[in-house]
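Letters are used for the chains, namely A, B, C and D, taken in the order the chains are written, and counting of residues starts over at 1 for each.
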């Protein structure tokens, strides 16, 4: 692990006020005959599965998120206003590309990386999206597929948040089926050693403010990846209009990538990867992060609904004393606990070289589905006050719908898994 | 029925382009051996249950809503900007207080009134809320409980939308349990024939722009109703700040009613009704409207999801050809059809004097629950595009959550019905 | 309507102890200001939609079912022992083929017919299956497609229950897709005016005790219908082994129809109908009956769970006072009320010549789905006692699963409706 | 670990035909770029969390269950006929009380013990119930609370299946609320050193054939535990009638324990435990086993539904190629994988002394709920054939309902967890 991050983390570790594991409030008294008390914030003690280092990293992330991101979220979401500075802040703490070794990255485990995304998404899925795109999509693509020159030049800048990156796969007519993409690359007719990219990508997180664009395009019919650097694109060949009036993830910035004979040096093409393996490798990294992240958003909803239910009285009792309310809290706590265990298991398998993409489909699908279902139910606890954005759960609900949808809509993951279970594909109707 | 409304309606009725029942597109060819073809927009032919007059009124309302309201909704929702002019437009068409007889109201059936709310909510639940508050809450209160003088003076103005009305029951600390309200009335210590009202009502649709406030307050411990006229309130005794940054119903305007020794003439108190019977009578009228309205919002989601699924291709086929997509459409169509039948049945029973509040609880609860569940599922059909507000379903989803919550949260109606079914109350935990 | 049935019905009608509408127990006191009290057994007052005649027929059926069938059900189900005598009893009361005009049938409305099936299924879906096969499948087939000679000869005997009938469509390898049937008819090579039938039908209710078999077979590749009379079949050409050890519907008898060059006179072939229109016409009749019947089973579950919840005390209170219990009862009551309204609507449309098969798919699918879901939830109210068959709900649950599955599995109806809504078929994967 | 069991297990381990982990059929080919292929039988590779010893024990158990229990289940279930010999067989293999150290027990980990219950319940929940009662309830009670003399004398006989044990807590009027039990113990009025037990226990697995009864009764108002030995009870003081005509768990034997001044030696009373801590300790052991077991039943349903879907063709394709079918398989596989991880986590915590009862409530509740929900959905895959008991899923469905209900009904565990999360109890309505 990168020493500077470790140092920060350890310092926090030693600090008395460990935010998430020592709060007396989250534990009931142990039942007679048992040494251990139930901790509603971690009911199945997932923390036992994490190393001290991982816990320290989580604490660092949590502290940053609660102290620096949480106060900004309402205004950011209301105004669809993403603060570019956040990437720099995350970069300084070592949160970007955290599981990449070298290049100024923390070199932490996949679990640690997942815990970071969980803490960011506890605040907001949009903030987490901005980070995921930088880390799992842009940086992973460069790291896994780029030339050594690209890695040496770009990764440290991306890790520190000096450069912002994004990932251009989805097109207006091709969401769940990226293999049909229409964006093309062709050899530059006159300028040797260059390709020209043309086509449109949409729903691209970070695109309007990105410096680096990982773009997938068909070259002679084969999907290839390109690192497109905005600074090198002649005016008019690369435009990145923002998409406004979003119904969710309003604290992230989203846009299009419009390329019109945009020239890219040949050495910016990923040399060895062709087909969908390239983008899917990055997506799998992001998806595993989402499986952690969604649990963070769900836990925040649970925390807020529980607090509200304890404080709000109706018919002379706190709402928390109503059976129908308790059931909502219990269902959510259970799914959050299960989902965290499952994501952790896949992250461990990944670091051991024993994972496969279908496992990631399973935890991405299930954790997003359950986070969304439970967040919606927890929103009911707030009653009419749910309509005020200051109670936050409505924002998580809106966000989680999109989180369930992007990077593999739930049904698409069902069909990926269905194919793995049955050996038969059911994507294409007759 | 009020002749002017009838006239308008009949004209529309004769017009060739009946919007909702003759469109060829909504009918498949009949199956061999059957004269009737399936109409996905009205699968169980609820229209057979409506009179020609009711259908004509629905057409009038639908035309207005699609032509006048639909074009305004995106901007209104984005900016939380309710156009006060809408009440005047509705008033001109006879849509306000439509089932009141006399006082310039249309005197239509409860079914007709329900069909109007359905058409308005097909556009937006916020627009419907604004209308419901005017019609079912403010006007019904005046009509059922006010003195003849109040009726004669206020109803015609409310019916034409010249005056805007609202309904102050909910308080910051008392949502589901209005019997615990803290707002009080007391005799004016010096000015005879006046009461002084003090207290705060919140989440009041229309309050910031209302001229007339139906306010419920405790006088000597008994709940009484008052018609508070803004024009008569000395400065500082009545303030109505808007609540902004709402997570839904942003096309309606919502606020508080803050009363500080606000003087109200004794003749503005409802003379004969005490206790919760008064407000609950109005709420029951509104709730039945909501049971219709929610079906309108759901049908709009269905229409949009179906159109999208037919136009959007993935893996070489329209989405509509995928089994998982078809099931979503079918579930929604079924619940919309069932809910419309049930609401119609209760409306008919009401006009026949055979309804009771629990019936309304049943259809309010079920239709809101099912509208919300299905709208959420239909939103999935849109995939990533659901995140753009121009696809509208996300707005319905956000709205329907609040619609499910207000005027009796779903769980509260469960307990109302549970008490009716078992004879035992379960509202109050020990 | 057949006078004898009418007479019986009217007598019951006048009788003081109207079983289902006057029981004081099922009504709570009216809420202040309302004349009508909520009746948990008919929350949306579907009875208002029925004629006096229909109500009288329902009462007749209910009395018979509760007095004659209910006492037999436990032993019948335990031992998979269907009492053939039941058909005779039903025949005497006019319950068989009740909506056929003439031929000794009651000539009642489709609604009345539906109410009969509802009352029978209130006792047991297996008893209802035995009756439906006789009425909706065998008799409807003869009535709608048979020659006048067949009708005159067979219908009166079937109506009185002297002959037992069944319906052979499903084959071992062809359930949801009957168009692929393998049973064939060919002209008798030597005996003029005869066809030979060969093939196997399975899951045929009533087959082991049937006298008359409506069998669908391919003649020169076209599906044709035949009335096969057991008495005319030479030994060995028609065998009907029972299927034992069923997991549900154990009070009905189920078997196969094995035909090995079984000779059938040409005049027993239905002259004018070819293809799937024939069997589907009968199935649609049966399916509409099932939509009513499933509501009967659900209402019985509700009644039993409610009674148990009122009588059983835990933690010092009747279960009925628990919020989580009340919600289960309320959900079930709501779905039962909605389903009854919808089935009634389709039955009315059918009698008016305004129905189509997709409407029946909708109410069959939805009512079966909801009956099953709610019956399962109501079973939870019984706690451990659910494991005793004397509490009955477990039997309904097991039955309703099969009822949801036969005559169009829920998913198949989804695809039928999906095709009607979208115009695209999704039955056949690539 | 007991050497003899270990020896058996290791032998199996070395055997070539490892039943559950090496079957090529359950793995698809790895996706390009990944070494690991998805294994639908263990999608999240829970096996990585088990020691070689635990896997060996699972294999031993699985072999026995598939070879010895599976062939007996249909007849046992049909005829409600539990084969007492099974306890002896299980005893010989070391499966009884497997996580007890000493006394001839295997001394395996709690995870190993859970894997045994999973394999038994993969065949049938009734067989698992018979084993759980012996192991987790009777043996745990003796082991944790009995005198050394009782342990030395009874545990080895129970471990070998020579003695059959059961556990008497539930009473006819007290299911979810055992603290209200009516069974009493009093000092023998004449025979010193003896107590007299009177009262009735019901729904007691194994009672009709048990030799040893762990019975909980109130002595001077305090709950105490007694080891009642049938051989020592005078005739008429202890009767154990079987409960027949069960709707589920028919392969286990269930009955009552009726005690009428049944004399028990004072040394058979558990000396140090009073109150509900005693029975709840045993229940928690059993419940954790159930959390594993339910996953076994679910996996069997998945396996059978998948096989059926691959073999059964409709509309020209295997069912497994239908999207709606694939989704059912995927949902089930996901919940089985998640549930196994969660149960394993709690078992590990238990062995580390870090568990608490609420954790067990969580995994018992969730795993039972999800097993039941998914088993029901998988049953739909079978279509009409689900009605034949030879397809097995209907049996699992019926069993799992009871498994969800006993040892803490799902709602009760919700309230246990709700109390732990909120600090407020909601068991007792006003």
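Please note the rule applied: contacts are C-beta pairs under 8 Å (C-beta built on N, C-alpha and C of every residue); 3 or more make two chains touch, one makes a residue touch a chain.
Values in this document were obtained by computation on a predicted structure and should not be read as measured data.
K.L.:
Where among B-D, B-C or C-D does the A-D interface show up again, with more than half of the contact pairs the same?
P.N.:
B-C
K.L.:
Name whichever of A-B and A-C has more C-beta pairs touching across its two chains.
P.N.:
A-B
K.L.:
Chain A to chain C: how many Å between their CA centres?
P.N.:
52
K.L.:
Which whole number of Å gives the spacing of the CA centres of chain A and chain B?
P.N.:
Chain centroid spacing, chain A to chain B, equals 39 Å.
K.L.:
What residues in chain A touch two or more of the other chains?
P.N.:
321-324, 327, 411, 414, 426, 428-429
K.L.:
Testing understanding: with touching defined as stated, what is the shape of the graph linking the protein chains, line, ring, star, complete or other?
P.N.:
Graph shape here is complete: every pair of chains touches.
K.L.:
Any idea which chain A residues touch chain D in the complex?
P.N.:
Chain A reaches chain D through residues 28, 30-38, 40, 43-46, 48-49, 277, 281, 306, 309-310, 318, 320-323, 326-327, 329-331, 333-334, 337-339, 341-342, 345-346, 348-349, 352-359, 362-363, 365-366, 411, 414-415, 417-426.
K.L.:
Taking the touch rule as given, give the residues of chain A at its contact with chain C in the complex, in rising order.
P.N.:
322-324, 327, 426, 428-430
K.L.:
Could you please specify the touching residues of chain D with respect to chain C in the complex?
P.N.:
That would be residues 74, 78, 170, 173-177, 180, 203, 243, 245-249, 254, 313-317, 321-324, 376, 379-380, 383-384, 386-390, 394-395, 397-398, 401-402, 404-406, 409-411, 414, 427-430 of chain D.
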